[in-house]
Amino acid sequence: MSELVTFGETMLRLTPPRGHRLSRVDNLDVHVGGAESNVAVGAANLGVEAAWMSLLPDTELGERIAYALRGEGVEPLVTWTDTGRVGTYYFERGGMPRGRDVVYDRDGAPIREATPESVAVDRVRDADVFFTTGITPALSDQLIETTASLLETASDAGATTAFDVNYREKLWTPAAARSTLSDLFPSVDVLFAAERDARDVLGFDGDPETVARDLADAYGFETVVITLGEEGALALHDGTATSRGTYPTDTVDPLGSGDAFASGFLAERLDGASITEALDYGAATAALKRTVEGDMARVSRDEVRALVENGGRTDIER
Amino acid sequence: MSELVTFGETMLRLTPPRGHRLSRVDNLDVHVGGAESNVAVGAANLGVEAAWMSLLPDTELGERIAYALRGEGVEPLVTWTDTGRVGTYYFERGGMPRGRDVVYDRDGAPIREATPESVAVDRVRDADVFFTTGITPALSDQLIETTASLLETASDAGATTAFDVNYREKLWTPAAARSTLSDLFPSVDVLFAAERDARDVLGFDGDPETVARDLADAYGFETVVITLGEEGALALHDGTATSRGTYPTDTVDPLGSGDAFASGFLAERLDGASITEALDYGAATAALKRTVEGDMARVSRDEVRALVENGGRTDIER
Amino acid sequence: MSELVTFGETMLRLTPPRGHRLSRVDNLDVHVGGAESNVAVGAANLGVEAAWMSLLPDTELGERIAYALRGEGVEPLVTWTDTGRVGTYYFERGGMPRGRDVVYDRDGAPIREATPESVAVDRVRDADVFFTTGITPALSDQLIETTASLLETASDAGATTAFDVNYREKLWTPAAARSTLSDLFPSVDVLFAAERDARDVLGFDGDPETVARDLADAYGFETVVITLGEEGALALHDGTATSRGTYPTDTVDPLGSGDAFASGFLAERLDGASITEALDYGAATAALKRTVEGDMARVSRDEVRALVENGGRTDIER
Amino acid sequence: MSELVTFGETMLRLTPPRGHRLSRVDNLDVHVGGAESNVAVGAANLGVEAAWMSLLPDTELGERIAYALRGEGVEPLVTWTDTGRVGTYYFERGGMPRGRDVVYDRDGAPIREATPESVAVDRVRDADVFFTTGITPALSDQLIETTASLLETASDAGATTAFDVNYREKLWTPAAARSTLSDLFPSVDVLFAAERDARDVLGFDGDPETVARDLADAYGFETVVITLGEEGALALHDGTATSRGTYPTDTVDPLGSGDAFASGFLAERLDGASITEALDYGAATAALKRTVEGDMARVSRDEVRALVENGGRTDIER
Amino acid sequence: MSELVTFGETMLRLTPPRGHRLSRVDNLDVHVGGAESNVAVGAANLGVEAAWMSLLPDTELGERIAYALRGEGVEPLVTWTDTGRVGTYYFERGGMPRGRDVVYDRDGAPIREATPESVAVDRVRDADVFFTTGITPALSDQLIETTASLLETASDAGATTAFDVNYREKLWTPAAARSTLSDLFPSVDVLFAAERDARDVLGFDGDPETVARDLADAYGFETVVITLGEEGALALHDGTATSRGTYPTDTVDPLGSGDAFASGFLAERLDGASITEALDYGAATAALKRTVEGDMARVSRDEVRALVENGGRTDIER
Amino acid sequence: MSELVTFGETMLRLTPPRGHRLSRVDNLDVHVGGAESNVAVGAANLGVEAAWMSLLPDTELGERIAYALRGEGVEPLVTWTDTGRVGTYYFERGGMPRGRDVVYDRDGAPIREATPESVAVDRVRDADVFFTTGITPALSDQLIETTASLLETASDAGATTAFDVNYREKLWTPAAARSTLSDLFPSVDVLFAAERDARDVLGFDGDPETVARDLADAYGFETVVITLGEEGALALHDGTATSRGTYPTDTVDPLGSGDAFASGFLAERLDGASITEALDYGAATAALKRTVEGDMARVSRDEVRALVENGGRTDIER
């Protein structure tokens, strides 16, 4: 059994060297990224027993993804398929005033055909926490059904279900997202939502606490975490709202920092910590991740703890 | 107008460093390759005015391909589309006794929907030589129609039409290929075929000269070039068969050497050379290309000429 | 015909990795740069039909430059020579408080011998805009004559002539520059001058508007653009002065940003835009260029437009 | 439980780029290597459930090793220590006529203090095969004891015990090795020995079959495999001697090919194959490994099978 | 004879690429660093005749260090040994809010056994300045003796002796350091101490001037330099205290900037400059060093002078 | 004093990555090379006290050369100039059947103006061996005079004078070379000449021994060494001819192997070895150099000795 099981698509991220343009690129760094596997990796590096569940084509590129996750200590619960491709995305870093430039090339991944029968549903039942995001049901109608089924399975089995809204405008409209997510939310215990998604997608306005309370009232979440970008995050739990800030960072790679936040929060909660501590650990994990290349939080619990305790940078000498 | 116009799909080739495996790769070299653009590039570097015709999605990756071809002196006659993706293929070099390992990821390229109306058909009419390969009609039913139409257009306009069989077993069966190509061949003047494709796909057995004669008899080709791998090539033209060998090479990158051969042969023929000279130039262009990274023959006419004339390596000092 | 034709020297720029010193360097990045080709490249990437006119030695290094420009969509109008060398310059990036360190090695380039007869003067006649800079006449006495002749030819043919003062103290004294430029200015319609050059070289003091008015009065320019570094730029046209600021940037590579400004300004003017819009496009093109490695503005019109319209960073997802 | 458990030291290998010298090096590739973990990795990549048992200091460098093995699918059974260092070795590739140049820097690794109590001895008991090499007892007196104890434990528990002589002259003398190994051999079922080690260290002369028979007679091995370099290998099992050759290779990295051989042989035996098949799989695994950078056999069972069945290079297209 | 002779340990520094973690590293940059050799290198690059005295094992790695120092113009006075290893340290850059992470691996270096007889003591006698730091006696009891002996030798011979406290908590306790250093100080003329070390290790509290005066009173130093991080430094000499600030820097590599300061200060003093000038040159050398990769101050006297004179960044064009 | 002093031009060599073309290059490796400094470096690495005498412009590029030589243990006797440039050459490796492609860009180096007064002529007088090559007088008329003067100075002072013909057709005609060299030869003790140069430039035909005897007779050389490419070399000394072969090599970088041969031969002669031994050491040094990147023989005396004694590859483990 694993403490944390996540379910979702993972892709290869292909990135030009800093200051180089995709339209002129001669060389691409390869990273492995996906919201749900990022959360599993972040949690594993913080000491959680974590598994990630998905479908991958049985090619060297599918194996590339499994290799990356195994290395980080995540058990890949992969159903290997004869068809389909590994989704990729090309990510060109921006730099003031040039924005980032992303070319998604994710059609055709086998997870889009995933049924509950085609994945390791037993592992969902045995998990302490089951986590997925709004990206997964956005990928296909089949995945709406499967996501719903897995959330229910986990919930019925007594697992905590955690869900990050993670709205992606390339994948669906706000209206479609709201309609689908509303159906899924009754099976969700812990909700993560960016304030912007809460407003623009889910339709909840107001100050962060109001948004959290309205969301909790509407869907019966046990915990609602509203992330506020550089302002930090607010969590509502047991009727109490708690706000915590972020740590100033020199960002090397921004991708995956939301996932790092969720992994830090969940890892700390699994460890029995308070909501306040969990928010701090989430913020620290996210800040440290931003200093590291790649989508994955290659950050240790010692580092997170040192940052939370010292409130700032800690040099390590061994 | 251009002396040579080619038509076909061009992809990004992603290649790990030598001795590294795709399943473990952290970094990929980016090359641009496609049989028809390779032939245009080879010819352009040999001094031919060359253009390449295709459809590309209007993204940084599409522009990456146009950029590469422009740089090599090929005019990209691109119809930019709002949909579709840039095809890619992952190429892991082998090394005795490990074979090469290729993962094709080419579905969804917009050229598959190309109609004669969607491309610069006027430029086909104005060309001296129009070139395409068996890969193009193998990509979609639409492309069978379009290829047929373009070959006819070129032929009717008085251009020489050249065609390389280039059978790809990932794309279609020998039977399907034979049936389709048989319909196209009547519009083809110059045929390039690997001996193996002539036998296994087109069904022509026997020694190379017999194969060439039987092909010419069957379809009325003006010129038939049978390539024999390391054995060289045999050309049948005006009823006369001519055989020429290859140059020993230390291969750095084998991809595109068949295309380099075709480009050298055609460039020399466009220049008014004899079949013998054209075979030698083709062989020299192919040999030199194999010493260079990437699918494209970045080889100058001076280098090819020096190799043909000296029959071996020539140092250049300026 | 081309909308924009530029004339000048282009060199290879050799740059050590960030944080490395030329005096210890093991590896050099190769870029291609020259004020006039940079302007052509910037304009071409913004959609202008652009050509660059020069002389290059017929070597692999000369071809390296032509290759770079072709790739960016600029037509290289090159007169190939049997003698002379490709100019180079070694550029070591600085970093507060270490300044940049440049070793110029540009003697011997064949453009120094260029006569009007040795270049594609017909293309100058057919251009909408002809552009060169003060670097060109600074290179040799012959080039003073040739520059004068080309400006007159363009002017006589009805092209707009644009000129950037671009004073280089390594090439000539302020007095020599002032004397030569004064002779050329009567043939110039659009003048770009850094405030410092206007003052220290041309001898025009005062606030930017005064400088612009005095310059226009003295030489009869149609448009005068005074660039003010981080303060932006002021343009005087039809008797009206317009000032626009810059965009904050995280600079990756500062070289060529003045050229990028000129290319954005000219591209927008060619497109019929107002002086205000042209200043904004110039500033945006320059700001975006600074985020990209190399001297050339590898920046698209979409990106420039998004920056001008949003006034700040825009992420792109496709 | 794991099918294969190995026990030994694993180090970081630091290697200059090809053609560069250690005494001038600016950049080192990092690989992870150790005979026993190499065998576990090779077997895991061939489909065996494999674990590696060792002690590592609880530093980023220790984690670097665990990360590498996890990625390859090997379970690291690591006892983390507060003291000691990660052994390293600097490996400069040779090239005819320059030999390889290795600087070992392996003193101080915590495994030298390993007692049976400090490692996961239960996992040894549960294994199908327990494997170690002569390097392990050569590292310290404590490790002689511990190796003996683990071999006995495995043997008593019914596991097959496999042992590769792997004599290292930097670590001990032939006399010391012979004396120690003679004491360990009674607990060993399957012995791998290079012909040279059998002769110079163990003192068994004659043709390979004689050596194998004499060794089997002397120590009661179930299987003896004598490796003969490019000549292949001879195995004696159930009184029958079987010889098989090698595959010609273009070697990219020779290190770890002996370990790859052992992993292929053991993986195939675990799968129920005959001695002949096991020798072929060992040879194929070793040959393929030599084409890949690093000490580890990143080679799949499909590739090994294709090589054994075709007797030569097989291209793969997907 | 050399103007400056330094004595101490020098190591290889192994550093992952920016944004990469040691625990996942595939590639390490190699730098050479050691406080005393850094000071010699900085001084040599500023024009001082400098030598560095130490013991190194006679391996490629020992030669790697000598090569680096020779290149920088420092004469390596190396006693080559048959035993011992080259110390290394792995340095992972931090980035707000992640601290730097250093894994020291320096045990076993032969300098720990250095006696006065085993080094080039004659060269100490002939030097104008003899320099070492508190790291040296911290390495072994033998080195306490040897350091004492060399300081006395230098002092007796009339050389200026300079000493940087450079406390390293990995090597000894504050109490041990204070006790040992107190014994050495009577032979020291010029003391460098970070304010923090003066307080926490040497036990001198108060404002910097008080600390300097108390230190001078306690041990009879001719010059005391208290470094204050970003606040600059204060020097007490001939009873007069002088304070100077630092230059703002964009730091590329912080390691060795304290050593760069000492080298600039000493080089300027050797050149006859005033304390004020020496502080400025020290600050400028340190600031420039921070913009360069590696521990060594690859900074010329021209650059330092330009910074001191202009008070800011100076571009250089040649 | 130095045992060996050499005099000549040294350049920066700029080389694209393997398989890349100069005309498309994005990145250049920087090496330092020149026949006379190569010989000094080779000898220094073999244990000879060596110095190299030349003129360099006082720029970062001049310092780059001095840095390289200092690192290798060669004392740079540089006269720094305010004018002139550092010569460069672009070297594109070939690969069967593509030849190497070299673009020389060496005009303007200050050594061309060297007079005997502008160099450290005292050091020539103090040398045991003074070495230069035919490249030096080929560079300018001034250098013919200066070379003659230095050879006479050395000869008069009792040094052995050694000279390598090193004919370069880019620099002068065979007739000019023969005329100039004939005037220099009377001051030369040891002549190195490639068989081809002896024949085509100096006009001496026949088998190698005849050529050597005729040369010795004509000019009174003490020793004549005729190099025969892969056939080895023949030396005539004291009337006795000795022939020795070469070692088979896998060549990584062929440049500088002739210089490596001369350095090995001279180092061994300086050490008192016989002509036979010197030829073997020369051949071994050249063979080892070919396995290393760059023009310089980074090869130790231990390695050369091991190769000569074992007649083949020797692995080193420490």
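Annotations for the structure displayed:
As written, the chain order gives the labels A, B, C, D, E and F, with residue 1 at the start of each chain.
Please note the rule applied: contacts are C-beta pairs under 8 Å (C-beta built on N, C-alpha and C of every residue); 3 or more make two chains touch, one makes a residue touch a chain.
Because the structure is a prediction, the values reported are computed rather than measured.
Of all residue numbers seen at the chain D-chain E contact, over half occur in both copies; the interface is built from largely matching residues.
Each chain gets a centre from the mean of its Cα atoms; for chain C and chain D, those two points are 63 Å apart. Note: centroid distance chain B to chain F, computed from Cα atoms, is 47 Å.
Chain centres here are Cα averages; for chain C and chain F they lie 45 Å apart.
Rounded to whole angstrom, the centroid-to-centroid distance between chain A and chain D, based on C-alpha atoms, equals 40 Å. Counting only residues that touch two or more partner chains, chain E has 21, 23-24, 26, 59-60, 67, 71, 101, 103, 318. Going by the touch rule set out above, the chain pairs that meet are A-B, A-C, A-D, A-E, B-C, B-D, B-F, C-E, C-F, D-E, D-F, E-F.
Residues of chain A that touch chain E in their complex: 71, 247-250, 252-253, 284, 287-288, 291-293, 298, 303, 306-307, 312-318.
Within the complex formed with chain F, the chain D residues making contact are 18-21, 23-24, 94-104, 169-170. Taken together, the chain B residues at the contact with chain C in this complex read 59-60, 67-68, 70-73, 318.
Against chain B, the residues of chain A that register as touching in their complex are 14, 21-30, 59-61, 63-64, 67, 85-86, 88, 90, 92, 101, 103, 105, 107-108.
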